[in-house]
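Order of writing sets the labels: A, B, C and D. Residues in every chain begin at 1.
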Amino acid sequence: MKKGFWRGKFKNSGAEFKDTGFSNLASAQGSRLLDSNGKFQVKRTGSTNWFSFSFAHELISMSWGKFLGIIFGFYVLVNLLFACLYYLAGMENFMGGIARTESEKFFEAFFFSAQTITTVGYGRVNPAGFLPNIIASVEALMGLMSFSIITGLLYGRFAKPEAKIVFAPNILISPFQGEKALMIRFANARNNDLAELEAQVILSLVGLEEERNIRKYYTLKLERSQVTAMPLTWTLVHPIKDESPLLSIDQEGLEELEAEVLVTIKGHDTIFSQTVFSRTSFLPSAFVWNAKFKPCFRKSEDGLETILEMDKLGDYELLA
Amino acid sequence: MKKGFWRGKFKNSGAEFKDTGFSNLASAQGSRLLDSNGKFQVKRTGSTNWFSFSFAHELISMSWGKFLGIIFGFYVLVNLLFACLYYLAGMENFMGGIARTESEKFFEAFFFSAQTITTVGYGRVNPAGFLPNIIASVEALMGLMSFSIITGLLYGRFAKPEAKIVFAPNILISPFQGEKALMIRFANARNNDLAELEAQVILSLVGLEEERNIRKYYTLKLERSQVTAMPLTWTLVHPIKDESPLLSIDQEGLEELEAEVLVTIKGHDTIFSQTVFSRTSFLPSAFVWNAKFKPCFRKSEDGLETILEMDKLGDYELLA
Amino acid sequence: MKKGFWRGKFKNSGAEFKDTGFSNLASAQGSRLLDSNGKFQVKRTGSTNWFSFSFAHELISMSWGKFLGIIFGFYVLVNLLFACLYYLAGMENFMGGIARTESEKFFEAFFFSAQTITTVGYGRVNPAGFLPNIIASVEALMGLMSFSIITGLLYGRFAKPEAKIVFAPNILISPFQGEKALMIRFANARNNDLAELEAQVILSLVGLEEERNIRKYYTLKLERSQVTAMPLTWTLVHPIKDESPLLSIDQEGLEELEAEVLVTIKGHDTIFSQTVFSRTSFLPSAFVWNAKFKPCFRKSEDGLETILEMDKLGDYELLA
Amino acid sequence: MKKGFWRGKFKNSGAEFKDTGFSNLASAQGSRLLDSNGKFQVKRTGSTNWFSFSFAHELISMSWGKFLGIIFGFYVLVNLLFACLYYLAGMENFMGGIARTESEKFFEAFFFSAQTITTVGYGRVNPAGFLPNIIASVEALMGLMSFSIITGLLYGRFAKPEAKIVFAPNILISPFQGEKALMIRFANARNNDLAELEAQVILSLVGLEEERNIRKYYTLKLERSQVTAMPLTWTLVHPIKDESPLLSIDQEGLEELEAEVLVTIKGHDTIFSQTVFSRTSFLPSAFVWNAKFKPCFRKSEDGLETILEMDKLGDYELLA
């Protein structure tokens, strides 16, 4: 709690706002609000209501490996379960079976179950008695219903509208109209067409107030916070003037105040016709002072197209 | 109709608005507008147009038990219907049948129907004559079409975008910037990411006017009614000053005026990319005067994450 | 073209606006812009680009009878086509066939096709030769793909988010705060929950200008044009004062000026999480002067719920 | 770099704005920003992250021919792969096979695979041994999952909400309220109902500034930029007065400044309940000076409907 800087050099700005959904009690918070992938560093405990866990959200969000593993595990387990039921109902109630040993009979039941739940139904092995017929009818219905949900989840995952915004790794402080401005550059890594983009930049600082570490939030006013399209790059420009909280902070100050710059980009994915969000955060180490971004696009050979060079997105030059 | 309070102590505020979709005639209304789960306490009658009933909305909204029961019942009924048709068409027009008694034949028809409608089609029993072939072709088409709708409904239910907002059970009246403020705290119980949240708080009071009980609605002005994200909690703050209708009401007044506080939270579910709503309402018994919420999050052991303790969401301390 | 009224009694209002997407040349327009179901009375011709016809929109919008007829016709036609192919490839290349006459063979091919395209695949009749196997492989793929689209359309139709707004059949001119106001009442006929409703009311009048019949449009300013929820009814109130174009028009004037009142209601269907629109239009014959709506809801027997009586939605009483 | 016009005759307007997502460095850009179909003329290179390529977006956006080719190729390849696996596992582990030569056996495996992956499962050829049963169980699961995604993509393509806006090929400069105005006319070629339309028109000019070719962007202020519905046509009207950058530019100037007029139309597709965008751009050659659009709709024979003649959408007459 050595935040002398807070009161000393830092001009408390009118741009501050009270409640961001992040809360202000810095000492009760983890060291970073957002990681650079835009994921909130928050864990929930004590939620007694088991149903507050959403299967659908989890299954859509988890990694592909984990998801496919769960599907495969579910498939094997359900088939094992029904294999047991068929086996208990008696494999002599089936026609077409060729198994002789008990383990062969169990596997015959297992594969019959797999053929039923997927509705393949080759039919060499087929239920003849009443009980296996009932179980198979239920399994076929259950299979169709399970695969309904799997179908939806698979396509939901595959075709999830998502902005693939790539940010230049550095925040630049560049000369701008005779003054200085904070610059954040990014581009859409995909060829899909984002429309009606909106950007919001929040600066979070931790300072000492009434003997407690308090986190404060400042909206950084942008020269332009909306564009209708972003075929190339978009550079967010926050002029450091007037009420900007950055007016009296240097690199040392950013570090002492545990600065974190939170960026939210919102856009409309015109292919899936849905609103997408992209978030990131920058720490003080990402700041470069007195530099400017180099162009990262050029005219194509034939002069008809513009080539956007994504690998040059972060390129900048230091100014004298 | 003993609302002396209405005219006596209660300062009629400029924040009142005329039409909320709830209507003002209190004597014709049930005792509560919204239950605490945010469901409107309204029933419709006299809608002569049968089609105004929406199967899809009902099937999406009903409980899982009821939904699965309806699907299962539909499955059994349709199979019974087609079993009758096959039986009437004559089971001698099928090949592979092993049934001897009439009831066995009927069940053979029933299970053949189940195998057809689910498209399992084992094929031991299979249609040979013209008529059963026609019926089976129609049943297979009907099966595919029915399961199309069931597929959609199942996934629609499973992956319904829904905000799982948990509210602290009490409304606090807390000291705030030298005055008092009404505080409502809530959090997202799920790990999914809600963006662009908006809150609206309406106070409904019933008073006597021209010899009739009239319900009036007041929008409670919030210090901040929008946040871009809510990883932790959000506390809605309504300062009790200026035009606030709460300026001249105490606990007794709330009860006499049959106060109900209606809260609507709107957000954007970033995983399903859709807008979700959450509503609740508070009765006078939920008010706690001169108290403040305790923090309900803390730094994780490793200092990297913030732990949100959902079971402490409602914790508050009474002030001297 | 006898619109003396236009210039005579009618005060040209500042609420007029220029372009509504309807255009102003009344003499080139049909007699009514919207029918009472909210469907625009417009037909398109001369669109040389065949693709401007959208199958998906047509198939979603058409009647259920027509839609199911098209699906059934498609099913029969595709099966006939593949039956021909199998027949031409030679039914001797199939195993399990029992047909003897040529027509029996054709029907065997037809039913085999139906079993393949629905993926039922009983398998008594099954392809043995190379050519029928190739055709059957293609048909099964085609079947899966066709039913993909049919699945989507069926569910899209079944679960189409749609506001089922029911309007009172009359527009009332009622006393309101010492003046008069135009009143339009409506309710949601479904139990689903509409949120964030917005209403817009436009008055269209046809008058003589520079020797031509010109249609003009006036936005009728509403006392309240948004509500957050509409559990009961909503009465749109347009006070007839200030710039209201209705200030100097009576019933006779409405008829002479070929008035049409266009109402658009927009809302958010919270179950399907989508924006829905409802439109209607009223002709002068729907106006009732100096009347007011009667309440159409009451307290339930147990006093807990409010009963909305949809059949009393249009009830009004004439005032002295 | 001979842009004398830039400084000479062209009055630099206050309507200019800084960042459009297009960037200002004209010399690094292709000759045109948007083609007339509204597609940005931009190519991305150097995106090292392979995953920035989105399969789903590509598969939804590509032509139908290419899409169906990919599905068919995938079907053949997967069947070939599983045919190899079955063949290697030994066709003697199958029952019902009739193949004698090795190539016949391979094709039997191939067709068995096709019957399994589509879940047709005739079952004449069916797995008897453990290994083929395992492989077939996995293939059936994989088939269901692959076709889940194909189902979604197919319907996503088929029912993609898309505005089919048709623009008149020319921009007219017409007399308007004693002055001149730029006019752009368009209509919805489909019968579907677009609601809440918004239009934005941007003029892009290239001029010489500090020895570099700079592209500047000007929002052209519209008389009306929103309509609630567009059953007929909509003519965008930009009055050339006040701050309009067109005030001092003639045809020669447009060409010298490499003018490009970018039009974005946004609307709500009421059938699919989604937001759709339509873009186009006009070059100087599309301008027609001192002309006005002819009406392109008329009353139907029976006087009830309005006929919109799409082939007359671009018709105009030159004024004296």
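Rule of thumb we're sticking to: a contact is a pair of C-beta atoms (placed from the backbone, for glycine too) under 8 Å apart; a residue touches a chain by one contact, two chains touch by 3 or more.
Note that the structure is predicted; figures quoted are calculated from it, not measured.
Enquirer: What angle of turn lays chain A on top of chain D when you fit their CA atoms, given in steps of 5 degrees?
Expert: 90
Enquirer: Between chain A and chain B, what is the separation of their C-alpha centroids in Å?
Expert: For chain A versus chain B, the centre distance works out to 26 Å.
Enquirer: I'd like to verify one number: the distance from the centre of chain A to the centre of chain C, where each centre is the average of its C-alpha atoms, in whole angstrom.
Expert: 37
Enquirer: When the C-alpha atoms of chain C and chain D are each averaged to a single point, how far apart are the two points in Å?
Expert: One centre to the other, that is 26 Å.
Enquirer: Could you list which residues of chain A touch at least two other chains?
Expert: Touching at least two other chains: 115, 119-123, 151-152, 160, 272, 274.
Enquirer: Testing understanding: with touching defined as stated, what is the shape of the graph linking the protein chains, line, ring, star, complete or other?
Expert: If you draw each chain as a dot and join those that touch, every dot ends up joined to every other.
Enquirer: Under the stated contact criterion, what part of chain D meets chain C in this complex?
Expert: 71-72, 75, 79, 98, 107, 111, 114-115, 118-124, 147, 150-152, 154-155, 158-160, 162, 164, 166, 189-193, 195-197, 223-224, 227-235, 237, 268, 270-274, 295, 297-300, 303-312
Enquirer: Considering only the defined contacts, which chain D positions touch chain A in the complex?
Expert: 17-23, 25, 27-33, 40-49, 52-58, 60-61, 95-96, 115-116, 119-123, 126-128, 130, 133, 136-137, 140-141, 143-145, 148-149, 151-153, 156, 160-161, 200, 202, 264, 266, 272, 274-277, 279
Enquirer: Mind listing the chain A positions that touch chain C in their complex?
Expert: Touch residues, chain A against chain C: 119, 121-123.
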